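My questions will all concern the structure given below.
Order of writing sets the chain letters: A, B and C. Residues in each chain are counted from 1.
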Amino acid sequence: MSTPEQREIIIRRGRADTIFRGVIASGAMLSLVVLALIAGFLLFRGLEVFKDFGFSFLTGTQWDAGSGDASAPAHFGIAAMLIGSIVTAVIALIVAVPFAIAVSLFLEYYAPQFIRKPLTAILDLVAAIPSVIYGIWGYAILMPKAAGWAKSLNSWFDWIWIFKVPAPIFDRSPFIAGLLLALMVLPITTSVAREVYSQAPRDQIDAAYGLGGTKWGGIRTVVMPFGRSGLVGGAMLGLGRALGETIAVYLVLNLVFKVNFQILASAGGNVASLIATRFGEATPYELKALMAAGLVLFLVTLAVNAAATYIVSRSRTSA
Amino acid sequence: MTEILSPVSAPAPQKPWRHRRRDWRQAAIMTSMSLFGAWLIVVTTGLAGVLGAYVAFAIVFPIVAFLASLPYGQKTGQDRMATAVICLAFSTAFIPWVSILFTVMNKGRHAFYSGFLTTDMLVNSADDPLNVGGISHAIVGTLILISIASLIAIPLGVIAAIYIVEVKGRFAGYVRFFTQAMSGVPSIVAGLFIYTTIVVVVFNRFNALAGGLALAILMLPTVARTSEEVLKLVPDDLRAASYAMGASQFSTVFRIVLPTIRSGLITASILGVARVAGETAPLLLTSQYFVKFTTNITSGPIAALPTYIFANLGVGSANSVTRAWGGSAVLLSIVFILFILARLLGGRNIGSKR
Amino acid sequence: MSISLQGTIGRGEFERALNFSVADGEVLAITGPNGSGKSTIIHTIAGLISLRSGQLQSDNITWDEPSTRIWVAPENRTCAVVFQDLRLFPHMNVIANVSYGLRAHGVAKDEAMTRSSVALTRVGLSSFEKRRPNDLSGGERQRVALARALVVEPRVLLLDEPLSAVDASSRAAIRDLLPEVLSSFAGATILVTHDLGDVEAMATRSLGL
């Protein structure tokens, strides 16, 4: 309202302000610098591996540090891990998004007024549960149960290829990791969806309601189409989280260096868990390969998050 | 002569929105039919236990709700079914979280004894009986790591917010965008980065300083985002008044704007702390884990609650796993207390999202 | 001329051409209905919004001239404002509010405190130094805002509806105080008001919008 309008040239700004603005600006640029440094250093450390393996670092599935001499050379490829990360993250979204829609619709349109605020606060609170606690709970409580569900799924839907298993072991599968990740990304996806749904035009909903429609009719014809892009953004934020999650996945997933789409089998891949698993005992050369893997993970999650941020901010301003 | 309206013609007041007895009866019939259907499913299929019965009920109830309201038309049927599905999905979503809280507190309490919070694990091994050893080293380690991270991330986060809201610099859009993109950096990648730079190049050993730096990278976006929201709440009139009195932007920001939102900035900081207090993966690569109580931030590995949990879980014996649950109970309590504190101080909606 | 404005002021959709000047010792009252741009004049002179076109000068120094892109930041203009809604800083006590402008101009702390005390005494609030704005009555807050503007010894004093935030009971006291303060003020004063009584009591000249 009464902010000074910007002019192209502002003369006679005090010296204190020039310094102040300079310091603040350079401080603010630091986040850009850190991001660039992360990419730069990981590239620098992993460059040798990228050079040695070229494109096959991305397409190969073998991860073998070798014996250090020519008889058993090292082989590094992260295809199995990268595809595994994507498979678990997609399972997480398939489970989480319907729940996110339902929970946000409930909070926005079905819940009695007086419990909305407490429930929203609780949702923010569970978003702060540390991943190691999700991990220990997933390992001790969810996994035994989910292995049983996986067994039933397998016995009923054996004829669908992805529900087949090579051996009847259902522990530590992408399915279980995906369920745990679904739980972990639900709060963020829900909170974005709820925010978008809450901005749906009330008068249109009332109109749909008033013209002999039902509440569900109003939601289906007005709210859902309105919130679609926001929901996509929220889901992608969740995807970014799920792709980068380390410890929780590490505790409930069996890493196997083979591309596997049979989600109930006890064999999966995950780039972040690979780094955590191999880091302790890695040879110097393998460490470089882990840096390279870290760079790939960083770039993938950065791209997903940037797209998500863009979509969410656009759906906010258009509302 | 005045005409007197006959009071007889006024209809008795009705309350059509009230749940009538028939509604309750209908709801009871629907519920019992659903329970019966659920029982049939449990008996005939492999679903078992309380959870299995719940799943069966969740499948049957919306169908019964649909069929029961069909006499009122198909649209009403769909509406009732949607309501049932949404309410059920909502309550289903909360089951795991209730389970997490319950399990952590229930299993964690077995690890507690009088010295649990005050001794370290230097002279005890993880599968020793549960009346020796403790987590003092992990609590102090977590406090040290968080302090280092806060000292770096809070000023920088607030500065980024000031740049976006107050200075409105040329790159404000980019700064906001990249700060948000930074919130998506996987924690293990932050750990790797600090490992290759600080651990390998600067100190040549794992230590608390490296751990704190890794946490700072993860903390910065939360602080920046929340501070930005709080700064936007300051009315422009107050800034204008300060300028009109001859104040520079520097003193306007530091003497007028920031003091009026002090509690909001504290909230932003607490949320940042809550965000990183439970981070495990980056610590494994930077501060590692150590059984001894230590306060030296550069000399070598240091314990933290998340790495304590992880290390004890890795040992795998009954007592060490119980220790891990005990650590989880403490960690979860700390995070929740911080979060509630932030809410109380900040009021309103500060702290939702990201 | 202490202050002269010749050009177009505007905010949002609103725009208005103006041409006036005020000499030292003069009190120019600007009157007019709501929405005629009275507050916009004050904010333009203070530098909180810029001119659309034309020129704003004080003591022959140009403060704002869009055609030459000259614009002096508010902190470098030798004027002081009493806002319609006062805008006292809620987290500071009375003396800190009054001394804020002096401190911002680099006056040493001791001197700033002394001068602020004098200014507070002048408006009749000598014992209120440690109170917070929220604990004061409307009339007392008005006096603090006046002291806050006078203490920096401006060349131009801008008063935006100085009696609107005052309850009826203390209005009379402020009405007595204001002309007294203004008559001893050496610079130029611009008084925005909708009350013709104020104009008669204080103004040497008036401009109707």
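To be clear about the criterion, a contact is a pair of C-beta atoms (placed from the backbone, for glycine too) under 8 Å apart; a residue touches a chain by one contact, two chains touch by 3 or more.
Predicted, not measured: the structure shown is a model, and the values here were computed from it.
Between the chain pairs B-C and A-B, more C-beta pairs are in contact across A-B. Centroid distances from chain A, each centroid being the mean of CA atoms, peak for C.
Of all chains displayed, B has the C-alpha centre closest to the centre of the whole protein C-alpha set. Between the CA-based centres of chain A and chain C the separation comes to 55 Å, rounded to the whole angstrom.
Per-chain CA centroids place chain B at a distance of 49 Å from chain C. Look at where the CA atoms of chain A average out and do the same for chain B: the two points lie 16 Å apart. Of all residues in chain A, those touching 2 or more other chains are 2-4, 14, 17, listed in ascending order.
With touch defined as above, residues shared between interfaces to two or more other chains in chain B number as follows: 237, 240, 243, 248, 251.
Multi-chain contact residues of chain C, defined as those touching 2 or more other chains: 43, 47-48, 73-76.
Within the complex formed with chain B, the residues of chain A that make contact are 1-4, 6, 14, 16-17, 19-21, 23-25, 27-32, 34-35, 37-38, 41-42, 45, 98-99, 102-103, 105-107, 110-111, 120-121, 124-126, 128-137, 139-142, 145, 152, 155, 183, 186, 188, 191-192, 195, 213-217, 219, 237, 240-241, 243-247, 251, 272, 275-276, 279, 290-291, 294, 297-298, 301-302, 304-306, 308-309.
Chain B contributes residues 237-238, 240-248, 251, 255-256, 259-260 to its touches with chain C in the complex. Residues of chain B touching chain A in their complex: 46-47, 51, 75-76, 78-79, 82-83, 85-87, 89-90, 92-93, 96-97, 99-100, 103-104, 107, 155-156, 159-160, 162-164, 166-169, 171, 174-175, 177-190, 192-193, 196-197, 217, 220-221, 224, 236-237, 239-240, 243, 248-251, 253, 274-275, 277-281, 284-285, 306, 309-310, 313, 321, 324-325, 328, 331-332, 335-336, 339-340, 343, 351-354. Within the complex, the chain C residues that touch chain B are 43, 46-48, 73-77, 79-81, 83, 85, 87, 89-92, 100-101, 103-105, 148-149, 152.
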